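Take this structure, written in structure tokens, and hold onto it; I'll ask about it next.
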Amino acid sequence: MSTTVTTPTPAAVPAPTTPASRFSFAPLNVGRFVVWGLFTLVLAVAPLIFTSSLSITMLSQMGIAIVACLSFNMLLGQGGMLSFGHAVYTGLATFVAIHVLNAIGGGLPIPVSLVPLVGGVAGMLFAVVLGFVTTKKAGTPFAMITLGIGELVFAMSLMIPEFFGGEGGVQANRVVGKAVLGITFGPQIQVYYLLAIYTLICTAAMFAFTQTPLGRMLNAVRDNPERVEFIGYSTQRVRYIAFIIAGFFAGIAGGMYALNFEIATAEVVGAARSGPYLLFTFLGGATFFFGPIIGAILMVVAFVLLSEFTKAWLLYLGLIFLFMVMYAPGGIASLIMMNLRVAAYGKLRRLWGSYLALAGTVLVMLAGAAAMIEMVYHLQLNAALGPNLRFIGVPLNAEGLDSWVGAAFVTVVGLAMFEATRRVFARQWGEIQGEIEHEIRRKEAL
Amino acid sequence: MTSSAYALELKDLRKSFGKTEIIRGANLAVKPGERVAIIGPNGAGKSTLFNLISGRFGPSSGGIVLNGKNIENLSPFEISRMGLARSFQVSNLFTRLSVFENLRCGVLWSQGYKYSFWKFLSKLHDANERAEQLMKMIKLDKKRDTLAMNLTYAEQRALEIGITIAGGAEVVLLDEPTAGMSKSETRRFIELIREVTVGKTLLTVEHDMGVVFGLADKIAVLVYGEVIAFDVPDAVRANAKVQEAYLGSVLADQQAAEAGVH
Amino acid sequence: MEFFTISMLNGLSYGLLLFMLSSGLTLIFSMMGVLNFAHASFYMLGAYIAYSIARLTGFWPALVVAPLVVGALGALFERTCLRRVHKFGHVPELLITFGLAYVILELVQLVWGRSSLEFQPPEVLRGPAFTLINSSVDGLRLVWGAAPAALCSAADATVRVVCSPFPATRGFMMLIALVMLLALWLMLTRTRIGLVIQSALTHPEMVESLGHNVPRVFMLVFGAGAALAGLAGVIGGSTFITEPAMALSVGSVIFVVVVVGGMGSLTGAFLASVLIGVIQTFAVALDYSVAGLISSLGVKVSAGAADHSLLKLTISQVAPILPYLFLVLILIFRPKGLLGTREG
């Protein structure tokens, strides 16, 4: 070792301020146990509360989405690497897992419950190969490379039918191999609990990663990639290793997908899947660890439920995303944390009025805009049914001028009222933030 | 472990950007433990010199020798691992990490933790203690959990130095550490620098002459990319070439003429 | 011979179209540091808006008006959304253009439907610009416009005649692209606003402190880039196809062009556009299988291997992935791009 840790001369080190700093005892972090305990409880109990088969399916999908989005955020939120092609790793792992499932059916002695782990290894290996090229660059070029590789893999998926199964994809049966303790994974509830276990373990593992030297250096690379080089670390190496680890967890999500749906088609590697990972992780909040969990839950709810309500749901999603980027780039998680901070200082009460007003005006604005959008969709897709439709109980005539004028009027009025309430809110928020800063400084001076 | 008498040597170092030659044959030989202040008029190439030494970019020609080994074509992290650390003129911190985390990051490699992801940070007692020590040294222990981007300017400069020395490098380069500080802040800062660089080889770029003459064992004067003088402060002060560089040859002639007349 | 010429010209025209798109992208990136993910969406908007205008007034007014509309929309977006996000950094900027791409795609599908549209070029451009006739007896001849059927079929069975038309739309594409780029070059180098733009490309703060309204310049450049993309859309939509998927397909290619050419380099983008345009056009036209290509290079391919689906693919089937393969190769061997000057 050519470098040694120099100890300062005794005169330079001031005596410890309190005797307590000499102790290595640290109080047990109760909060942490409560949060993780709650998380485990929710995972265990959810299917007992939401018992319909649709709910159980959705809960299973949420588990998969949580692991996928958390692995995506390892790159985005923790590492500052924006990837447009994350579905490559989840999707390729899905294909590998499906083939392994089929092999198990043909006699391969791997328990079905370990298939997600196989997916994880597959995801990791693909990340080793593709990540080498991808992490050569950073920032915007990195994003473009992930896009290019995503397109490459998607385009190739139609060319290699042995692996990708051509148009129809590859199917498998998860009720194969030896049934342990009578668990065959035939019923969805059994699959759910297996996926829940994986979700819990993966979430815990990815959280643990954030508390390791590599995890911290990854954050450092996000904040200042240049400085990292000057403290002895190779920025590219940090990114590459993190990419591989993220690929591992993405692969587990892919394996979970294979178990759940028993089919893998080309679209699992495509942009139609990478896009939502990005969208919803960002919506949930990339700057906090639990943000992607929120995003993942929203993603499943949006895809399964929202799409039933309205054909325009992708448009609404895009608009919400735009607003979030402009006004709340930290996502829902940051909004929650900011309000928790305000509540901790006892000032949340003052904002109730503004929040209600904001919500009200947004609803009005949305009602008007949604009415117009629904009318357009109606003209587009259901023209054969005639121009009349019902929108939240209000009869509208898609070809009638008064419906259009009415909807436009409602939208404009809502917009104006929203802007007015927003300004009031911004002022109040600013005041409160100022007061909080003041109190923090006061406490520091003590 | 040094196989040469010098901690850092520059041998006919040259650097051109396009057609413009910024460093035109700089020569320097710094002994271990020496404190050298690098001064020179604006545009002389001081920051470029630091960038070359620390590996931010490579020289067009010439050699840089650290403890007997050539480092002119190594990458910054390789040079850092060999025991040379630098600070930046514009604070280059990890903005969204706390003061403590910033310092701990600076410590990790030198304590051998490298790219490990199977250990918890909270259990790395030596790294944590070293970071605590550093925090106290740079007097930021009250701001342990403040994010780096929320510190005041002087606090950021202190943290900047803290990260630089965190890895225990033997050769420390400080690029205008007191830039933008008031007189009293500068005084305190120089004390801090003196404390934390005990026993190390120090090179610092400085404009404040009070700092220079107070802190440095030797002064190197860089003009138009060449080291025109490298000597103890008093000798440099009396050096005619240095005077000409700072005051201009016309003025020097005028002074000489006036001296001749009166 | 004529196959080569026509394909070359086709490839060049496609490459020039790609350059029309990637030049706007490069300019916006060089100046504002933001890679406009929605650039291809402006391309798509141009095609769709032109289609609607053309239904009212015919093609030629649409050719002029549609790009202006798209340019105005682009400038509006910059003014209201992008500017607000600028202070958050590069990732949010990229994200907001990504969101815009999503929204534009959905709006287009909302208004014009999900299936492709019949966006026809005007009458005068429908036929071939010229036709190359290669006769085994008479040799190579060029005929303006379409060659009459009589010239294309041989009375005698021993004489082989091949007629290769070069579509007028392609020629028009090349013409417009060259004119537009010439105008752009003239504006950048000869006018005052062009001078301001050039300096703001590398030193926006300095230019602002000299008293120029740099935010307004940004808005102008963004709008101009969008208008250029819209113009490309009018031509591309009428020549190729107008459908919702056109944004994504062309979008990924121009990003590849920009990375391969070297981010921030206009000449690099030009080289990469032409290269990729030509290679893809040739590849699509070639029907040889990959195995055939390998064996023609002298490498022996065994019968069993030749049956493998990967090698059985024809080059035209592989054509869509060629740009991305190119991307990966460039990244391995020359990460800076062909003429890269500026990192992302």
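Read from first to last, the chains carry the letters A, B and C; within each, the first residue is number 1.
The working rule: contacts are C-beta pairs under 8 Å (C-beta built on N, C-alpha and C of every residue); 3 or more make two chains touch, one makes a residue touch a chain.
The model shown is predicted, which means the values in this text are computed figures rather than measured ones.
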Measuring from CA centroids, which chain ends up nearest the centre of the complete protein set?
A
Farthest CA centroid from chain B: chain C
Could you work out how far the Cα centre of chain B sits from that of chain C, in whole Å?
50
Inter-centroid spacing, chain B versus chain A (mean Cα positions, whole Å):
43
Rounded Å distance between chain A and chain C, as computed from the means of their C-alpha atoms
34
Under the stated contact criterion, what part of chain A meets chain B in this complex?
1-6, 8-9, 12-14, 24, 208-209, 211-217, 219-220, 222-224, 226-235, 237-238, 241, 245, 444
Residue set of chain C touching chain A in the complex reads 29, 35, 81, 84-85, 88, 90-92, 94-96, 98-100, 102-103, 106-107, 110-111, 113, 248, 252, 255-256, 258-259, 263, 309-310, 313, 317-318, 320-321, 323-325, 327-328, 331-332, 335, 343-344
Interface with chain C, chain A side, in the complex: residues 76, 80, 82, 84, 133, 136-145, 147-149, 151-152, 155-156, 159-162, 271, 275, 278-279, 282, 312, 314-315, 317-319, 321-322, 325-326, 329, 373, 376-377, 380
Residues on chain B engaged by chain A in the complex (per definition of touch):
1, 54-55, 67, 75-77, 80-83, 85-86, 88, 92-97, 101, 104-106, 108-122, 124-125, 130, 133, 136-137, 142-143, 163, 166-170, 195-196, 198-200
